[in-house]
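Two complexes, one shared chain (chain A), two partners (chain B, chain C).
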Partner chain A sequence: MVFSSNVFLLYFLPLFLICYFVCPKRFRNYVILLFSIVFYAYGAPDFILYLLGSTVANFYLVKMMRKTEKPGLKKLYCALAIIVSLGLLVYYKYANFLIDNINALIGIFGANAIRMAKVLLPIGISFFTFQSITYVIDTYRGNNEPMEKLTDYIVYIMMFPQLIAGPIVRYCDIEGEIRHREYSANEFLQGFNRFIIGLSKKVLIADVIGFQVDKLLAGDLAIMDSGTAWITIAAYTMQLYFDFAGYSDMAIGIGKIMGFHFPENFDNPYNSASITEFWRRWHMTLGAFMRNYLYIPLGGNRCSKRRMYFNLWVVFLLSGLWHGASWNFVIWGAYHGLWLVLERMGLKKFYEAIGKAPSVIITFIIAMVGWAIFRIEDLNQAFTFIGRLFAFDFSTFSISADAQFYTTLIVALLFSFVALFPFGKKLQDAVFYEEHTLTGTVILWVIAIFMLLFCLGALNAAGFSPFIYFRF
Partner chain B sequence: MHCQKNLNFAIRSIQKMKELIKKSLCIVTVMLLSALFLQTTWHFSDYMKLKNDSKSCEKPKLTFKNYCDGIFQKQVDDYLRENYATRAIVIRARNQYDYTFKNKKTCAPFLLPGKDNWMYYRPGVLDYYGLEAPVHFKSDQELRDFVDNQVDMLNELRGILKNEYGIELLSFIGPDKPFIYPEHLPEMERDTTMGNAADYFAQRFAETGFPNIDMKPWYQAIADTSRRLLFMPMDSHWQYASVWGYDSLFRFMNSLNDFGIPQMKINGIKESKFKGRQDDEATLNLLFKVPNRTPLYTADISVISDSTSRKPRVLFVGDSFIFAYEWLIPKKEMTSYYESWFYYDNVYKGFDKKRKYKIQDINRLRSILDVDFIVVYSVGYQWYLGTRGFVEDALESIKDPYQVKVAQTMNRIEKDRSWMKMITDKAKDKGFTVEKMLELDAKWIIEHENK
Partner chain C sequence: MKRLPNILRFVTVAFFLILMLQTAFQFISLKSLKGFTNKKEAPKFTYENYVKGTFQKDFEAYNKERFGFREWSLRLYNQYIWSCYHKTHNGWIDIGKDDWLYESEFVRDHYESMMYKYTSDSAEMKRRFDETAENLFKLQEILKTHGTYIFVNMIPGKDVIYPEYLPENTKYTHTDGIHAYDYYKKRFDELGVNYIDNVEWFKHLKGTVDYPLFPKTGTHWSNLAATYAFDSIMRYMESLNGMNMLNVNIGEKYADKVREPDDDLEQLFNLALPIKPNKHYYADVTIIPDTTAVKPTLITIGDSYFWTISYNFKLKQLFTRYPYWYYNSTIYFDPDNNSTKDINLLQEIFNADYIMLNYCTVQLYKLGNGFIENAMTLLYDEETQTPVSQEVINMIQHIYSDKNWLNDIKTKAEKNKISLERQVALDAKWMINNQQ
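On to the complex of A and B.
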């Protein structure tokens, strides 16, 4: 089930809210559990047992890990729990990719191809796998105690707002709230507003732009003029951001309604003055995961410069692979890793010298080129497209008459960059994070209700609404 | 000190009130979402209901297989897209936007905006420009053959009805707005390769002596001199102007067999009290009424009858132009019974609008044999469909003596009150419908009469 669907908005959400708030506080985790199972099982009936099974296995492995006094055995349980999670992720997500590549490789030597039925990808596997890993490792490190109740653990892994597209919530971030949480009208209303903002980002911006991007990229990329190519990639850059940030807003919003405080996932990433900064602002929870559970264990900054560059690059290579089992994602990760290394090697000083505005523009262009690799799975096509971007051939360029697309794109660009200016940042903080006066609350609520009805209309006027980050 | 206490109390009260308002907003939010859920699921309110709304999805059925295959989820998506709570408002808002800002653009598939804020029914416009015939027929000859065949069958049916049962079958061709007021039509390229069905029918009726009145030429003739518009800019139907049409029709019916039908007297035309949406305006499904509409009119009609007058039983077989009869004519004073077969699909029996049936669910022969007049009528472009199957079905059943006998017997029983009461009680006991029980009894009587 997706948030921006009729089933969720008209059936699931009202029923959940009624059951959740009518139920006594001590039973609310069970309500979350029940609805989360329905949420997942509705869209992916084949995988619900797999998800529940791996979650239960992890819970008991961690419990046993915590009980044992022997360090060797502790390590073994920890490794087992990680293998269970990662093993399933590798099988479901990368088996096809591995077999295809092995077949391509052995094909060179004339060997027969390995035959294996195509493995279907359970939705959201990358997200809940990482969440369970944070639980295993943090408990192993002694950062937190393991959960007492299995149901609470399942709630942590399967909580529907963040189950299938994040944010990746570390166990220690919501440990207390799973056991006991406070509810307030303010939080409820802020959460509702946040949910509607996310829904609007998704339905009114990402979907509108995405429809056109798909049409543009379905054409012959080799003959695309540079103007259209830049508009296409700018549009995809906006689509991706508003799609994913919209989902994160919705997840954070519903979490807040339920009394949870999920970590932020985006902080105006396109306002970054370097790729290093970009990764501190884009998919922040993935960045934090990679830093805490991969980069630092690899040695982080506390090693030779060469080793640090290598660590950085490897982390981004794997981050790319996490996004999808395809070479374009690996190259996209490597591309970002390369820019990070270059910035550490001195590029950052250049950015500081030229000032913020030019740096932001350069970073935005680097990110856009990266998104071309990310979006176009066929690498030849991706490089052809990038070639068209930098061919600067505007001879056949003409702006088509799709006013809705261009208006939405301009609005998206404005929203993306508004926080660069002090008034924009102030406005954003006021809407998203600050407690409002009564008048402000009422005004925002009225706007939110209107936007909900508007989104419902837009959602049903167009059938195009895939969430991009679901496949990761 | 006391003042400070009061101040603190006031501040606390204000804060409490603010908190209360915020809590109320939370409750209203959940209630609103629940209202969306309830309306989507059970459609409690018909507020802003769309006119001519066609839905193609049935309620999804949950089975284990459907669910596992994802079919159920797909069905739910499709169903909700057509049934979500605010659909009518959203569609109206969208239509309003298009209509207001995109040069009267409309998504109503059968409407075409004309000049000067006039609306037209699309098939009528196409018919005016000669573009409707190719939609139904490949060539002019094919159209002519169809008309010939229909008229031949109508003549055959008329012969049987008149000679064997004393029932008059006649037709009238209604006036179509684009032909009466073509000056407001949208510009289109005219196609002259094929003729016009209504004209062909009129011509063949005249040639074969089938009783028919073609109202189109007469309405065309008076359109320029009439003090008021005969068709309103926002209405494709003939409305108040129909009174002259029905007056002519009843006079024409009377002339066929000197039945003694009462006469209509039109005393005057006045502005209608109806301030709702006019026909095309309603079909536009906008949020707001179209500004500066020409008002509708109604006619002040009295009926002149004497001791020799007889009110006929009439069956109308045709299109939506019959509704003007329903609204404007003192029908109980003009007819003793009337039945309307609307597009040969829905059936309205008698003066009670609630008695609505589907055509396939009634014994059509009973209705045919139970009236004095049968009027086949349609507005211009509807004639491309002929009588929509009426004449074919009527001929087939009327040529079957057993069916005729059953229908007549059923009609005979129905007119006998005590007999009907017995049938009704029997139907209740046996769990049949009254109609079914009536039919069984009629068949039983016929069998026993034969013995």
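On to the complex of A and C.
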């Protein structure tokens, strides 16, 4: 189930809100638990038992790890808990990829291919695996006590707002709120507004742009003119951002409605003046996870320069692979790793010299080219497309898509860059983070209700094509 | 006022509850959306469907058509894309210049030909047109001997009369398609088929009248144009057999608020606000009393252009019966019959004084929608290439009037994989031959 579906908006969310607020506070975690299981089981019935099973196993392994006094045994339990989580991730997410590549390799030497039934990917596995790892490691490090109640732990892992697409919430960030949280009407309304903002980003911007992007990329990329290629990749850049950030907004919004404070996942990433900064603003919770649980344990930057470059590459190669089991994601990760290394080798000084605006433009272009690799799975096609970007062939360029696409794209670009300017930042803070006056609260609420109906219309208008009369 | 956030929180949850209840029970009655769609049925929940994910997919699609306050939210969104981008999600409609609306089929017929919907082979299309025209002429001659007059009423499409507002052609590339109207007109003249050519007449009228022959936001001929046209059609019917029908008086035209179906395409946009229309003209029709006049029976077979006539004329006062066999399928204006599948075809035909095949240029490609073929199967002997005898006709009527016998023949037809009419004709002929 996704947030921008009729089933979620018309049945699941209303039922959840009613049950949640009607229930006494002490039972509300059970309501979350029940609805989260239904949420996951509705969309991925095959995997609900796997998810529950691995979660329960982790809970008890961590409990045993905490109980034992022996450091060796502690390490063993920790390793075991991580292996359970990561092992399942590797199997479900990467088994097909590994087998395909092994077969390709041994095929060169004439060996018979290894046969294995295609493994289906449990939705959200990348997110809940990382959350369970934060629990294991943070508890191992002694940063926090393990959960006492199994149900509370399942709530942490399976809480439906962030279950399938993040943000990746570290255990230590939310532990307290799982045990006890405050409920305020203002926070509820902020959460509701945030949810509607996210829904609007997804339905009114990302989906509209995405429809056209799919059509443009379905054509022959080798003969695409450079103008169309740049519009296509700019559009995809916006689609991806508004889709993902929209989903994060919805998750954070529902979290707030429930009394939770999930970490922010995006902070105007396209306003970054370097790729290093971009990764502090884009999918921030993944960046934080990679930093805390991979980069720093590898030595981080408290080591030789060579080692640091190596660490960066490893982190970004794995980060690429985390996004999907395909070579284009690996290359995309390596591409970003390369820019990070280059920035540390001196490119950053160049950016400082040319000033913020040119740096932002260069970084945006680098990010866009990266998204071409990310979006086009076939690497030959991806590089053909990038070739067309830099062919500077505008001879056959014509604007053929409809006005809605272009208008939405321009609006998306404006929203993406508005925070570069002081008034834009002020506006954004006012809408997202600040307490509102009573009048402001009412106005925003009315707009939110209007936008909810509007988004429902947008979600469902596409297929509605009635006839005047029935025909035979 | 400090309680306001609490009140809003309560109202928000209540709003979601109402949204859910409205989705499930539709307890608030809202102005329904216009147009017909093939409605999805609620999917059945089974464990297998659920695990496969088909239930979830179907349930989502089902709710797409019935979510709470759908009428408001779709109109709101449709208005947004229309006002801001001049777009519609309705795939059957093309937006022309100056907001003139056209059904996509008419645009296609104008720029290439609707024949490509049926075949891409011009020779094959011609063969089908020839066959239909020749059969129609034979049928016309047979029916005349039984006192029934059949004729074709050819009506222009909006594209034919107002091509200047059509959208630019961006998708149609075939230029050598045959147009049904052009071909039939030539063949009807050669064969002597009865027909009324509203196409040429409307083209001529366009420059001489001060009212629109087609409304800007509708697809059918305008209410006023159809009114004048049907008056002429009645006079044409009289000329076929010399019958004295009632006359009508068409009053002075006047501008008025839009009436059905003059904005039928706009209605399908399901907007919140109306599109600025051109003026809609109407005239009141009154029947001139005449005690010597006859009220004939008229069967109309064809497309939706007859609806416009039915809205403006008191057909009940002009005709004894006036069944409307919509695309030769569903029957309207006939209290005894609902579908052409369940009628005694010959009885209906022989009881009628006139049969009007009422088709616009886009629908002419399927002239008769099988009626001509079915009637010819019953009335014409392919073997001898002559009309069937009165004895066979009587036997056919007898079969149709005997429900049990007809049901047996239906079963036989299905088994032999031939049409019911063919099987009835074969059995009737066999009966007559065996009696002899």
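Simple rule for what comes next: the second predicted complex is superposed on the first by the 461 of 472 C-alpha atoms of A that agree within 3 Å, B and C clash if a C-alpha of one lies under 4 Å from a C-alpha of the other, contacts with A are read in each partner's own complex, and residues count from 1 in each chain.
Just so it is clear, a contact is a pair of C-beta atoms (placed from the backbone, for glycine too) under 8 Å apart; a residue touches a chain by one contact, two chains touch by 3 or more.
Please read all numbers here as calculations on a predicted model, not as lab measurements.
Because the two structures share chain A, they can be overlaid on it, and in that overlay chain B clashes with chain C. In the superposition on chain A, A:30 makes contact with neither chain B nor chain C.
Comparing chain B with chain C, the partner in contact with more residues of chain A is C.
Touch criterion not met for A:394: it reaches neither chain B nor chain C. Of the two partner chains placed by superposition, chain B and chain C are both touched by A:445.
Contact with neither chain B nor chain C is seen for A:91 once the two complexes are overlaid on the shared chain. Clashing C-alpha atoms with chain C appear in just one stretch of chain B from the list 261-269, 297-305, 369-377 or 405-413: 369-377. Chain A residues 5-7, 9-11, 13-15, 17-18, 21, 42-43, 45-46, 185-186, 188-189, 192, 438, 441-442, 445, 449, 453, 456-457, 460-461, 463 lie at the interface with chain B in one structure and with chain C in the other.
Those residues of chain B that touch chain A in the shared complex are 18-19, 21-23, 25-26, 29-30, 32-34, 36-37, 40-41, 67-68, 70, 73, 76-77, 80-81, 84-87, 89-90, 93-94.
Residues 5-7, 9-11, 13-15, 17-18, 21, 42-43, 45-46, 185-186, 188-189, 192, 438, 441-442, 445, 449, 453, 456-457, 460-461, 463 of chain A are the ones that touch chain B when the two sit in their complex.
Those residues of chain A lying in contact with chain C across their complex are 1, 5-7, 9-11, 13-15, 17-18, 21, 42-43, 45-46, 184-186, 188-189, 192, 402-404, 407, 438, 441-442, 445, 449, 453-454, 456-472.
Across the complex, chain C meets chain A through its residues 1, 4-6, 8-9, 12-13, 15-17, 19-20, 23, 33-37, 50-51, 53, 56, 59-61, 63-65, 67-70, 72-78, 80-81, 84-87, 89-92, 103, 219, 261, 264-265, 267-268, 270, 304, 307, 326-330, 369.
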